[in-house]
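Per-chain numbering from 1; labels A, B and C assigned in written order.
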Amino acid sequence: MTRRLLLQGGRLLDPSRRLDERGDLLIAEGKIARLGGTIDAGESTDVLDCAGCYVSPGFIDVHCHLREPGREDVETIATGARAAAAGGFTAVCAMPNTEPVTDNQAAVGFIIRQALRANAARVYPIGAISVAQRGEALAEFGEMMGAGAVAVSDDGRPVASAHLMRTALEYAQAFDIPVIDHCEEPTLAKGGAMNEGVVSARLGLPGIPTEAEEIMVIRDILLARRTGGHVHLAHMSTKGSVELIRWGKERGIRVTAEVTPHHLTLTEDACEGYDTHAKMNPPLRTAADVAALGEALRDGTIDLVATDHAPHHYDAKEREFADAPFGIIGLETALALVVTELVTPGVIDFATLVDRMSCRPAALFHLQGGTLAQGSVADVTVFDPARTWTVDPSSFLSKGRNTPYAGRTLTGRAVYTIVGGHVVYRLGG
Amino acid sequence: MPSATTILDARAMDRTLRRMADEIVELNDGTDNLIIVGIQRRGVQLAERIAATIKARNDVDVPRGALDITLYRDDLQTVGPRPVVGATKLPWDLEDRFVVIVDDVLYTGRTVRAALDELADFGRPARIALAVLVDRGGRELPIHADVVGKRIDVAPRDRVDVLVEELDGKDGVVIARRDDDA
Amino acid sequence: MTSALGKDLLGLEPLTSEQIQLVLDTAEPFKEISERAIKKVPALRGQTIVNLFFEASTRTRISFEFAEKRLSADTVNVASSGSSVQKGETLVDTARNLEAMRIDMVVIRHGASGAARFLADRIESNVINAGDGTHEHPTQGLLDLLTLRDHFGTLAGRRVCIVGDVLHSRVARSNIWGLKKMGAEVGVCGPRSLLPWAIGEFGVTVFSRVEEAIEWAEALNILRLQLERMTAGYIPSLREYNRVFGITRERLARAPRDVLILHPGPMNRGVEIDSDVADGPHSVILNQVTNGVAIRMAVLYLLAGGRPELAEAAKGGSER
């Protein structure tokens, strides 16, 4: 018999069940056995002191890049899963733009096996939409689903062909999985290094207009309307996209969307001085976009927060802005950024944070977790909403160090991350 | 508090410059082939005064030039560039001429060394002489003046200021003394 | 030690009008040195300068080289063609190597915007931006300002229009910042596809027709049209560009006043500028080239050493 785990003295927060109260939570056999009130520890029970902390369903990141197979020097499934756990994530979805691309059953199975060995956050593979992400022939959705994939995406590149996108949305309905699109009109975005605006004009950097994203957002929404499929729009960055998604949702179209912590907290100004840590795709936009994204997260137009965790080799960003790769890491800063930049200023409350980082992702991607309901899997995050800490990339569990937040003092930190009843991360432990 | 002592007032300075003009003409045994070159900045004005005296007494317009030695200084790395470099005007062929360099104060000799270097880049005069309004001693190079307006002995921390009407509103030479604790 | 310009000259946007004024004023006496029989002064004797050119550029490199040699600096030219990606060694390695060789200054021309800043942030030597991507070309901007000042006496209130491919032009950006800081009114004119989308936020007047620009301007700075803009789809053809935006004698003849003509070179005669304009009486294109050496001497000189406040203190000494 495995030992039981008692989370004592925390504040139970599960917006999926409108639960927000002080109480204990008992985990047994990997499941949530009892919650609420005071629970006696009893025999063979480990007790975790959760005083001052929220006890919530485990966070789920539906969008990260773990680089394995192919670039194990940059990140592995194991290091990525440990970084996720350190950030309070009990599960992450790994994008398929690896080398080789995760576009078949065997590749999906490889990720599942590597993740089991890591013994940290769960890792769910996302399969490619097209073979080798070439944007031509459909990959075998059914085979990949059978092996454990939870969604399909050609993320890293857009689905340029409207016909392919339509077909994917139609074909995916047999498996009830979301088709995730990286919305970027490739001819309009070509060569771009940052948001097109006054900053790019001053720095002399080729710009990516907001329309490069919005054209694909509306295309995908219209194709979802036509097909009835579920389109999930990755890393939304513009006010215009928010308005288009709102338009789609008002009409009952099956469109869902995510936003990253960095698009919620940074603007194009971060690119001043050619700081390559501020180079990401989609690019950081303007303050008006940031405000619209925060509001959309609050009102549910944007469903969830995803990190787009994109580690790069330590010197890959140490170069000219135009030649540097896109992307930053995000697993270990996501919670604190949302707390510091959205909860503290009052844009959203903690219940909304948990909903957008746990309940909604679980529901939309049909994943276990996302609830503290009795009998459900014991994927639980215990986080201290008031703990302040300073971002020190050298202390990250991710192999990546590419973050624009180094040196920033943030509030909010995961204290225990529990996956299937096992503590896979404890702060300072 | 620094204190200032006047060692030449306007009239004394005028007398001194007239005497220097006479000595220059004497040194050259006339005004033939003579060129008077002032070192930027106040040397230029003093050279003008001397040339005016020579014209008044000999009815000869002596050619004048101006030399800015900033780019020939040897202390760029230690004290850095001056914000603005003055003009060098030497529109004369220096070949076989008698060039008199005019400066306000002779101290370490480094300015004159730089001026000699710069002149050499413009040509090869038959002879170069040096005329200064004030020689305050303290040479760091083997350089001496051929014509001296006034010799004085002052401490290294003191400053000798030559004032000219054109730039300073009045003529005169003053010593600005600084206390040790100033 | 930091000079009156700071450690580096990366662009005109970060400079104050006083700093720009200082460079222009300092350039004046340097013009005369180039007229001497012996065109050389010892100001930078013993200083080592590397001219690091990642892009082919004959005239800018030669201009810098003359400026360096006339100041008696020791110079080394490093030319590396091809893109930064193709060349193998990364810019950060180049920077480290230069630092290890204890050089005093680097003049860098690079195809990537921000490359000069990148280098400057990583080495202690002074860095002079000789053109970085489509960002800035500050010495070109300064020599344009000097040429305009030579002609007009002052820049304040003068109306200068930059004509052509502003989007891809580092010369345009340096000119816009420099002219605005010196109080000039700045116009830009070109096909909208070759103007930055956010040009309206630069504080310049945008002309869509070149005839309007000519009517407004007292001086035109005509940008080189890169031939590859046609293949990249920004304009349909060079012939049409010349017909719609080319500066021709006929167009200038209708101007209400004489219009000064500048061009950073190299010119595409018959495309952005007609030969009889380039060679005409109001062209100061060769004055720009002459001023280029003086401006670069001034910049090298001002960056070369110490602090002006120390120089001021030294002046107070005894000899001046």
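Quick note on the criterion: a contact is a pair of C-beta atoms (placed from the backbone, for glycine too) under 8 Å apart; a residue touches a chain by one contact, two chains touch by 3 or more.
Quantities reported herein were computed from a predicted structural model and do not represent experimental measurements.
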{"item": "Middle chain, criterion being Cα centroid separation", "value": "C"}
{"item": "Reference subunit A; chain at largest CA-centroid distance", "value": "B"}
{"item": "Interchain centroid distance [CA atoms averaged], subunit B/subunit C, Å", "value": "39"}
{"item": "Mean-CA-position distance for subunit B and subunit A (Å)", "value": "77"}
{"item": "Whole-Å gap between the CA centroids of subunit A and subunit C", "value": "46"}
{"item": "Residue list for subunit A, restricted to those that touch at least two other chains", "value": "none"}
{"item": "Residues of subunit C touching subunit A in the complex", "value": "13, 84-85, 90-92, 110, 112-115, 117-118, 132-136, 170, 173, 196-199, 201-202"}
{"item": "Touching residues on subunit B, where the partner in the complex is subunit C", "value": "40-42, 68, 70-73, 75-89, 103-108, 110-111, 117-118, 121-123, 136, 138, 159-160"}
{"item": "Residues on subunit C engaged by subunit B in the complex (per definition of touch)", "value": "1, 3-4, 22, 25-26, 28-30, 32-33, 36-38, 40-44, 71, 301-302, 304-308, 310-320"}
{"item": "Residue ranges of subunit A in contact with subunit C within the complex", "value": "196-198, 200-207, 209, 273-274, 315, 318-323"}
